[in-house]
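What follows is a set of structures for review.
You will see two complexes here that share subunit A, one where it goes with subunit B and one where it goes with subunit C.
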Partner chain A sequence: MAASAATTSRPPLTRRLLGRHPIGYLFVAPYVVFLFAIFAYPLGFAVYMSFYDYFFAAPGAIVERPFVGLDNYTTALADPVFHRAMLNVVIFIAINVPLTVLVGLILATALNTAIPFRTFFRASYFVPYVTASVAVIGVWLWLFNSDGLVNNLLGPLAPDPSWLVNSFWAMPIIALFATWKQLGFYVLLYLAALQNIPEELYEAAEVDGAGTVKRFTVVTLPGVRPTTTLVVITATITGANFFTEPYLLTGRGGPAGASVSPVLMMYTEGIEQGHAGFAAAIGVLLAIGVIVVSLVNRYLLERS
Partner chain B sequence: MPSTRIRLWIAVVATLGLALVGCGGGGGQSADKAAQAKGPIKIWYSNNADEVKWGKAVVAAWNQAHADQQVTAEEIPAGKSSEEVIGASITAGNTPCLIFNTAPAAVPQFQKQGGLVALDSFSDGTSYIQERTGPRADQYKSPDGKFYQMPWKTNPVMIFYNKDVFAKAGLDTKNPPLKTYDEFLATSKTLVDKGGVKAAIWPAPSSEFYQSWFDFYPLFIAETGKQLVEGGQPQFNTPEGVSVGEFWKQMYSDGLAQREPYNGDSFGDKKAAMAIVGPWAIAVYGDKVKWGVAPIPTSSGKDPSQIQTFSDEKSSAMYSSCQNRATAWEFLKFATSQENDGKLLEMTGQMPMRNDVPTAFPAYFKSHPEYLLFAAQAARTVEVPNVPNSVEIWQTFRDAYTDAVIFGKADVKGAFDQAAEKVKTLAAES
Partner chain C sequence: MATATQPQHPEVVEERARPIAAPSRRSRRRLWPLLGLTVGALVFLFPFYYMVIGALQTEPNSSISGAFPNPANLTLDNLRDIDRAIDLPRTLLNSGIFTGGVLLSTLVLGLLAGYALARLEFRGRGAVFSAMLLILIVPFQLLMIPLYVMIVRNYGLADSYLGMILPFAVSAIAVFIFRQFFLQLPRELFESARLDGASELKILTRIAIPLAKPAILTAVIVTFIGPWNEFLWPFLVTKQLALQPLAVALANFISTVAARQANPFGAILAGAVVLAVPAVVLFLVFQRHFRASNLGSAIKG
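Right after this comes the complex of A and B.
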């Protein structure tokens, strides 16, 4: 009897599936579909591919794509080009992220004060961010080639070989370019954060005798901490995915592979050479690395 | 334990996921049926302005005579490279029937993808190709002995030089001393010292797999007459291959070729005195540069009539998504007939891959004598090897070349030997 009562008291299947307010699903559906189709499905498929000798084939074509287990991963981990690519990510992030945070915060602080031509400067820093990479890379090629403006200014101090064909300088130049290109966006984030810090905090600090530097360290820095976390994590993720810079600025990861990146490697291996499974394994390893670094960043920046 | 709603949603998502995965396969009709089918077809041609004109003229002529088998033509969609676009299109199953811009180096990969139709499947397929192209056609056979491409047109590469720069440097402009490596090096030094150019020659120093076709490979072919890989064995680490590598290494280390990429056309901008190019350059440079043509140098200064070079050939190929293959094959023969090959030569200056081009089109060469040297060279060309992992093999070689030759970071012989070991394995894979 008790079981029967429980059965009859159960709500109908549609109610159990859709809850009391099914219209909510309609509202979230577009984003859920977007996430599934554009993010979750390709990500899951990439992981699947990474365990196979996978290549892209014509629909209906009978091809062999055998299961290879962890082979793609072990091959990648033993590949000196992959080692170099991962080292380049570290170099890139080590230069790009601190520089982005430091310069972004300084510029945002300057732009937050009443300086002349403030609107002009705010727009100017944002221009590289919205300009196509291909166009600005053309300018940087001109700046940093052996007869370029930078070497003309440096004269005998210019490195030989020149910046972009110098295996030591190629990666720092790439990191510098990416920092400059993205800076406008991060300045904007910091500017919004700075404008959210209550003026009373600065006044209170001033009353307590804090000077400019002290006010910056005890009010501004803690006030923008959540934004710094966002900037560090975003810069790390975009930094780990750098591709356009070595593709165009240093002639596909040159000189002699000194500026190769994991994503450039994925492109050459997966798209040009048809080793999609191997490229997917590189992608998965890169994603794992980025997640770990981002979690560490978050832990370090958000601990009280 | 998850709630009923969560469990139900997991089931729904899993079902949808399986359904989506299931959408990936299937499609297509039987190859036999498609081979007999006639009807409208679509083709792609290159986005080169002259080739577009040629393509439009050929398609218009065909459509006028074949109301029931209309051909729709489009330029190949823009991408980082045509090969990348075609590869993606094969995967998507939306390739046109024919593409008149198929790189032989990409054919093994397209074949592996199941994207190509063997032209031998048509009763006159093999004979048509062999009669039109002659013995050179064999270089375009796949390892299974079939033709998955029709050799269409070639741009045999030679040394193009700027006569004004040579004159300024005090060099002979009619017969410049470029026959041997020693002559080439000495001439290059004179050009850089006295000719007012930054480089004697400026091949792209970047790492794209195909860049070796315009620096190392022409000289290697001129020296050996061989492909990069023959019979599964790499040839570039032979003494001849290494000597070509050493020659280029000296060009770079002496500053006669530049390690930096040039952002533009170094020859057209008169920053370099020479370039390795095909006959297309005649139309491009025309009167802008006072140019001359010389054969590719060899170590011993071979007789120019014996020198072979890289073909820089483009094939046309039929793609497996084609449903009206009988029409596609007839159109392919129509587009590569002597009449339309003649039009291609007239409109683009590129050499059709047919036997004895100079005698097949005497009127053209009488009115365009500047193309004769290239036409003669067109009969002596060597192609990239048609082997598995072709692109990866070229990339492996290019990586070793940029490292050892362009940037001088390694010993040429050692780097080539190391690359050869990997290439041997790659070429042996099926």
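Right after this comes the complex of A and C.
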């Protein structure tokens, strides 16, 4: 008790400098080291590399890696493969985001009514989210194969060449796959938002004579707006980072580069070809793009 | 957790309590959502059903009749084929070591950090928390190249479990879950233990952690699906099959063997089932732990 008596008059110097529990530093130290070593330092390293002709050498070997200024960036911005990769991000987001918001909100609204088997439905939407992409891509490959079930169902309507080897359909199928895989998570987000809308708002709207549709547009939509902002931003970030789908589903960004993604390009250029500086520059450009798009989205969604 | 497992919407409770005035109108109102949800469930679950069917077929049958089980066309040979190709026990063990390593370091470092961020007062705590939030919005793919250069090239950790585990060593979701849980505990609990002269480490291990069992379970389950399903990073780190997790070995099988064999789908789907089952079963058993609030920062590419 002597310690607490002393604090009332004048706390000791260490306590004023470090706080009540200096041992806290010891407790968070491993995590802070982890954050620094795995996030902060590599982030700086990525930016650094992007200004150099950075290539791989044997560990410990002293090699000259010349400073090249903005060369990696200008090369990337002039590269048709990079243009295609960025266009694919746009196609991916243009399909994935509206579909996610629309279907996610519809399913969450339906789940939020008094219906039987709620737990079953909720679980069934979430199963793809917890399953490895590699595993479900195996099934999608089989489904959308040229003599797969989808084409057998469609018969003469099946596209030729088939979905995954068709330069028009490859990207929409990838976007559809990613939407299907992630949707359960967004349904959960929307469901949580819907459950936070006070029931009185619906009752008040009903008293004012609002029908089902009117109640949805006047009460539900404004009520889930912050969630929509979150959904749009996270779906955009996911959209900028897809890799497994073009690598496996369409066989390394095929056909003929039609489904190449920026991260797939970083892999082939940076790790397979060894142009790490160039790949880092693509990563930085991608990150800048994502930040800008997220800020614009946020501004647009929160303004209205 | 202190909150209800499946939060019920107020409307649900109220509707049940209210006497039913017009049954026909009510049932019509319930029919449309039910229909939509059923169609949705079919779209989400059919590929899983089809995965199992395909994994059991002697001859992969992608015609419409092939979507129904046919006793004459059932076999477990596909499992044997995929085992021959990618050594299932070995790759499953690798997945287990990778996932187990991530879980272990997440629990040790995450509990320490979560406790300190929630219950210890020290200068800079707010800065640590802000840095954590700020740094976590950095997409992993931006870090992919520098991490590859550091871990694989400079530190020589290619084809090693340590190299696989390092970038995932502490799951941020777990730190959040622990911090939130410790913040909910009554302040007096910690103050009285401190007055009794217990050290902070003792308070953490003897009082906080035993109370945090539900939070630990949630953190373990939510963290599990990350490394178990992860493809990109272990794919970059492991070139030898002997060290590859199942997801990587199966992906390599798909991208190399698939082109050569006439119809490799039986083996691919058998491997897919083996990869999917642990995560799906874990999810179905511990469903209530998967809530939006627990998954906030779990989104990855």
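In the analysis below, the second predicted complex is superposed on the first by the 265 of 304 C-alpha atoms of A that agree within 3 Å, B and C clash if a C-alpha of one lies under 4 Å from a C-alpha of the other, contacts with A are read in each partner's own complex, and residues count from 1 in each chain.
We adopt the following convention: a contact is a pair of C-beta atoms (placed from the backbone, for glycine too) under 8 Å apart; a residue touches a chain by one contact, two chains touch by 3 or more.
Computed from a predicted structure; not experimentally measured.
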Checklist entry - When the two structures are laid over each other on subunit A, do subunit B and subunit C clash or fit? => result clash
Item to check | Partner chain in contact with A:T217 - subunit B first, subunit C second, else both or neither | outcome: neither
Checklist entry - More residues of subunit A are touched by which partner: subunit B or subunit C? => result C
Checklist entry - Should A:I38 be classified as contacting the first partner (subunit B), the second (subunit C), both, or neither? => result second
Item to check | subunit B versus subunit C as contact partner of A:A123, first or second or both or neither | outcome: second
Next on the checklist: Is A:T74 touching anything from subunit B or subunit C once the two structures are fitted on A? First, second, both or neither.
Outcome noted: neither
Checklist entry - First (subunit B), second (subunit C), both or neither: which does A:I23 touch? => result second
Checklist entry - Given the touch rule stated above, what does A:F243 touch, subunit B (first), subunit C (second), both, or neither? => result second
Checklist entry - Is A:L194 in contact with subunit B, with subunit C, with both, or with neither (first, second, both, neither)? => result second
Checklist entry - Which holds for A:R252: it touches subunit B only (first), subunit C only (second), both, or neither? => result both
Item to check | subunit B clash site on subunit C (candidates 185-193, 221-229, 257-265 or 275-283) | outcome: 257-265
Item to check | Shared subunit A surface residues [contacts with subunit B and with subunit C] | outcome: 17, 19, 41, 56-57, 59, 138, 141-142, 145, 147, 251-252, 271
Checklist outcome for this item: Listed in rising order, the residues of subunit A that touch subunit C in the complex are 17-25, 27-28, 30-32, 34-35, 38-43, 45-46, 49, 54, 56-57, 59, 103, 106-107, 109-128, 130-143, 145, 147-149, 152-153, 180, 182-185, 188-189, 191-192, 194-195, 199, 202, 234, 237-238, 240-244, 247-248, 251-252, 263, 266-267, 270-271, 276, 279-280, 283-284, 286-287, 290
Next on the checklist: Could you list, by residue number, the parts of subunit B that touch subunit A in their complex?
Outcome noted: 4-5, 8-9, 12-13, 16-17, 20, 24-28, 83-84, 87-88, 90-93, 109, 112-115, 198, 204-209, 259-261, 263, 320-321, 389, 391-392, 395, 399, 402-403, 406-407, 409
Checklist entry - For subunit A, which residues count as touching subunit B in their complex? => result 16-17, 19, 36, 41, 44, 55-63, 138, 141-142, 145-147, 161-162, 164-165, 167, 251-257, 268, 271-275
Checklist entry - Considering the complex alone, what residue numbers of subunit C touch subunit A? => result 6-7, 9-12, 14-16, 29-30, 32-34, 36-38, 40-41, 43-45, 47-48, 50-51, 54, 60, 62-64, 66-67, 109-110, 112-113, 115-117, 120-125, 128, 131-132, 135-136, 138-150, 153-156, 166-167, 169-170, 175, 199-201, 204, 225, 228-229, 231-232, 236, 247-248, 250-251, 254-255, 258-259, 265, 268-269, 271-273, 275-276, 279-280, 282-284, 287, 290-293, 295, 298-301
